[in-house]
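Letters are used for the chains, namely A, B, C and D, taken in the order the chains are written, and counting of residues starts over at 1 for each.
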């Protein structure tokens, strides 16, 4: 039998309802030598800032960091698509020895006049941290010369975890915010934080708010625009999805501009509904509330019959969830319940101990909780729990398939919007499609 | 060594300049048991009438005859494309026993109101001849009922050779001709006979005549239209290309309407030029003559340099020619000479003894002449004569290739116009491309 | 708009085939005959038939196709074709020296009523058949069945003339591959070899109609089942007949004539049908399935699982031959696709429709036989537009006119290469089909994608 | 218009790569390491690298890709990564129990200056490497070369750590296949088997990254060259290094270290390059080429001859890796196509350019190394539009924007399947490439054809 490393034992937990001694270890670096599914600081920053479509994104480092992040994420833009180009200083041995500031300066001054972006983000990678380039200084100089914000992103890969990358991205965004005070601030205006418009999800959510009578001042990280971000401080509420990545920015804005924030999730029926209600209640405006009620009721009525149909077929299936952020995990547990599917295993790359306590409360007796797991653990538990479905990302997908287990991508590579009510419908369809795929009949271990 | 059948010995001839005893046997049925490249009566009729694009072509017989001739020929239409549909009475056992007239009648009365063709051709196939359907009677009845010409084509496959099929087609066309006398007859007007508009060749030729000031009253068999054919007797000259297929019709029209005809070929520089000059001279109109001179001079000047370029590279190569009609063979021998290529073997499916005499005169000492050859003979002679290029049709192509010999399709499946001056250029390019293809380097026997 | 003449509205047709989804028996018989080594197919009819069949097969294979004809004239059609055939046999052996002549009839000689057995006996008696040489025949009236029937009849003719039961059973299994490509026949042999089973596969056109360019013209290329092999099929343990329409007749006759028991299987197109073939082979020969085949199978399953989201509920319409359609429909249903329409010009009977119904559901429109032509197929497709159509080259008109993704499948394919060399049977063949289907669907998705949703990772 | 940011006008760039035509060394090293049976690749750097490489390979192969990371933190980058690596080795053997760990460096550990040999020795000394287990390494600084260099370095690392000359020559030939697909590696082995030659092929990812769905997750799939095989490479008669960029280093080292002579050949893509491989194998082993391979060759030549009119003088532009480009250019020139542009992000030197020049003529634009990126490729293609482009998935933007037929070729391919299972090397691989190329060209011809010239027979 496969062993769990001594050091990892406290990162794996089998749920017992009454457990006063629950203390999930998490929020710690992956062990050296593990097949971690986690990424690095740079990854965190790049993912968050990527959807700012009219900014220039220059990766300062060897070519790999730019190459691996070139348009791999379906964060859609309704207009400019500069973000889908891959710009890199492509540092070579010479710069590693003599420094890369010159090359960086040169690259920026070649790029900005050509592409006329509204702002530029310069991502520092591992090596930049080591060779000691003063990226901030170069950025300041170019900003002064070119007259646009040129913002360094301190995303050296080794300087922490993906979460630290989120923080660095938040920091970068905060440097843009507050730069534009023109015009009147909207009465009922929010910022959407942490929605990346994967498969057009932001558009869906924005449409809900529009219908509710709530103006979206900016959606910084989904179909993002520099000018919107510059005005973001004019909103009166920050609505934070994907709490892991964007709470830091919400905190900053609270401190700096006194804007309160709410952590929400748009995944699943309850969470979407309560997200919208929370926002509506925040503004305490009867019209908004009424419109919200109408919207929620209509949407639920619209989607529920189809979902009930799936539930009838899927009842009793068991799922495993392994996603990046724990907030999403909460929603998924609930969404799966709507489909009659119990969660037998749940974990995240970046949950904290509070998150795991929430998860524990949410989950059934016997559900396994894992933090920063690896394929061997994951596959072992999926087998033990006889799981029928895995929800995860690109690296988990083929593991599930090899085991003859259905899969739903809830990460960057999802192809349909999974957020909002419509998203719940899509999610149900995807789960149903994969679970009911005839292909599993041909898996040696799972003839069903 | 491969033998030539006793019966076939007189259909193969090795050219000697002074040979008073030359008497090529030809114009006879293929031997039972030979791998003849020839086809049948139906094939001849179908090929000739096929390009009449606004007529309905109904094949009365088992499905095969219709299936094998469904749009296999690139006879282009500038307008209607009814000819590219495949209509068949699909005779089954029942009709073979009880007769197919009912089905034929039914098919025509279903089709004509639906497609509203300008005329219908009904092809009788082998079996129709045997079961004794009175196709002509059915056609007459339907014609009367539907008010369009419904013309039987007596193309029972076994009733002769492909040539007899041509005759049947000519007969069918002649039933359309003379039906429309409205309007004034053009002063200088011709019919083009026997050009099938493969790869748009008719369009090329028509453009020449337009430029010469000669009106084309009809091109019956290339981009053909029923109404044009009905007026064809208003022309004052028939210009016959592909003499094998259409001379019969020209003869009929000469008899019936006193329209003289000229046999021409549009393949190669000399033949195209002399075709145009002959037509011009026929009308004895100085303007036409002048325009013709101008056209010919301009075109030759335009194409000659490129052709000279190919000649420089191809000089000394040897070709084999095996085509349907012998008139085309004459042109090809000359056209190849323009490219510095000698003809080592030449033959046709349907040449007559006069044709072979012309060929003999045209060809070099030692050239082999064959009538109605088969693959074994063909490959044997190509090998003996160390031929570099074969000009033929679909069934010959892979034989050449297997032997590592270049090929040019001069039959229905040619993809570029080979007629006219432009066609000579295309022909040169095709010959050059195939002869100079690097692929022959990889043939075991022909490393060059 | 090439097929502007196809109205959406159905009109019941009585007497008419428009744009046929079949052709006549002799071409199938000719193709089957090419699957005997050293065989010259002979068409007993007028010249045109032979020319058409040769052209048709040449276009499909891009290889020389050799066959002879009785060159019927008006005389023959009055007095019978006996003289022509006897003369032909004589000429053929003299000139082309094949091992065997495989004669098939045409509508002409059938209607005349030539008795081929008798004529061949006469030729034998007159010494027109040299010692050691063979003449076989089958009847292929063009006004019955279709090209598939012709293939079936010629295969049956091989059994009828050649298979012998010597009384000594051999450790070998007959496989009648059906009207499939040479690449498919080779793949079936490879699978049997992986299973370490000796098989007699006939007809076998691999190496005949996909022969190499070696600088020579070979009247008889290297491939083909040898006469000896086909003879020995009467001594085999068992016969697997792949495809009811194309292979049942011969298998039955092998049973009746030589006592070789048989089983009819679907063509091994796709996962389940290949499983069935391998399972049957395994049981008959008492062998175990080697890892190599399990890996191939697992790879196919793996790819299906990987790509499921691109296949799920995609609607597809099929035209082709019954045996192919049956296996293909099963495969596509296993891929989670929904089959809207199935059309075959070959009359295949209620059994075909019932078998098919398992895979296509009740709402699928199935048409076969008379007036089940590509015109009807086009009308169906117009009425309910699928995401994909599969069928022969003629479907390209429909694909263009209706702007539907299209995968070439079946016979004939006149405008692309590949089918001659890459099998669609077996697990590897399944992968190939899958690649083609996914390619067509994903190319369309890419083409139609809005710029912002044009995806790098699919 | 996705790439609206590509102007036609060239501007000399100093310091900038836009839309790279390469990636960094470690991913190549990771891929190579997967070609050892029972090996766990280990990335000595921060976590992100490993995650990116795994994702990248997972997208390309749609298979689980296992690798571990040293999980560098800020501490490691100050004090060196020794502790991390020693701990990692210990953890890996405890938890995942591989036969061998193959460590590669990253820009981070390279810049820090970790001495991997020393660290591995230390781990050995401290008993962190269990008896019978192996740790090998190579240096793969991301700021030098490209992914191909990383592959070459890891292959060289295998030789460096594993190959032994026991003094007893074995009747076997080493083949270093280069950075090709698992399907290609399997095909090269098949060809050698046809020649009845025993080969040691490494790295060998067949059966590792294209493994079957068998209902289980295998940390170490069945495939891969075994340690024993790689060790024995030092006793082989000869080494064939396929592709200079990917295989020369290892071949040289095998010569220096174990006295195994070598020859560098092009990747066996296309006719001539496959001829060369087979000819070399034949000579080295003193065998004759079997008919089976001659037939495959002849079939490829046959199809080229059949389809020549669709290939003649078609203009084509290529982006990819040097070894691939060289062989592909040769093949395309043998197909009578004209190569307009060749771009590789990998610095491949003058030798590459000179070799390439034989096949592409003087007017072809060749770009390699710095600023030879897909932005430059796009600019070239804008300036002179080819009939076809070949390259990795990223070319789909260019194909769409410029409306040019496109065949996926090389690494990575993120949006289609097939490359994992169907080889492009050898004669059969040539047929596959040819099918794809012809398909792309002929589909375009069909798409653009006027209705009246839309052709059934092509």
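To be clear about the criterion, a residue touches a chain if its C-beta (ideal position, glycine included) is under 8 Å from a C-beta of that chain, and two chains touch if they have at least 3 such contacts.
All of these numbers come straight from a predicted model, not from anything done at the bench.
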Pair joined by the larger number of C-beta contacts - A-D, A-C: A-D
Chain centre separation in whole Å, for chain D relative to chain A (CA means): 33
Cα-centroid distance, chain B relative to chain D, in whole angstrom: 53
Geometric centre distance via CA averages, chain D-chain C, whole Å: 39
Multi-chain contact residues (two or more partners), chain D: 2, 59, 62-63, 211, 213-214, 297-298, 301-302, 305-306, 394, 414, 451, 455-457
Chain B: positions in contact with at least two other chains: 70, 72, 81, 394, 397-398, 401-402, 404, 442-444
Full enumeration of touching chain pairs: A-C, A-D, B-C, B-D, C-D
In the complex with chain D, residue positions of chain C that touch it: 1-2, 59, 62-63, 207, 210-214, 222, 291, 294-299, 301-303, 305-307, 393-394, 396-397, 400, 414-418, 421-422, 428, 431-432, 434-435, 438-439, 442, 446, 451, 454-458
Complex contact set, residues of chain B against chain C: 2-5, 7, 29-43, 61-70, 72, 81-82, 84-93, 95-96, 102-104, 106-107, 110-111, 114-115, 125-127, 129-131, 157-161, 375-376, 379, 383, 394-395, 397-399, 401-404, 442-446
Chain D residues touching chain B - in the complex, by the definition given at the top: 271-272, 297-298, 301-302, 304-306, 308-309, 312-313, 333-336, 451-453, 455-457
Chain B contact footprint on chain C (complex, rising order): 2-5, 7, 11, 13-20, 22-24, 26-27, 42, 45-56, 58-59, 62-74, 76-77, 84-85, 87-92, 94-96, 106-108, 111-112, 141-144, 146, 211, 213-219, 345, 370, 375, 394, 414
In the complex with chain C, residue positions of chain A that touch it: 70-72, 74, 76-78, 81, 199-200, 394, 397-398, 401-402, 404, 413, 415, 430, 433-434, 437-444
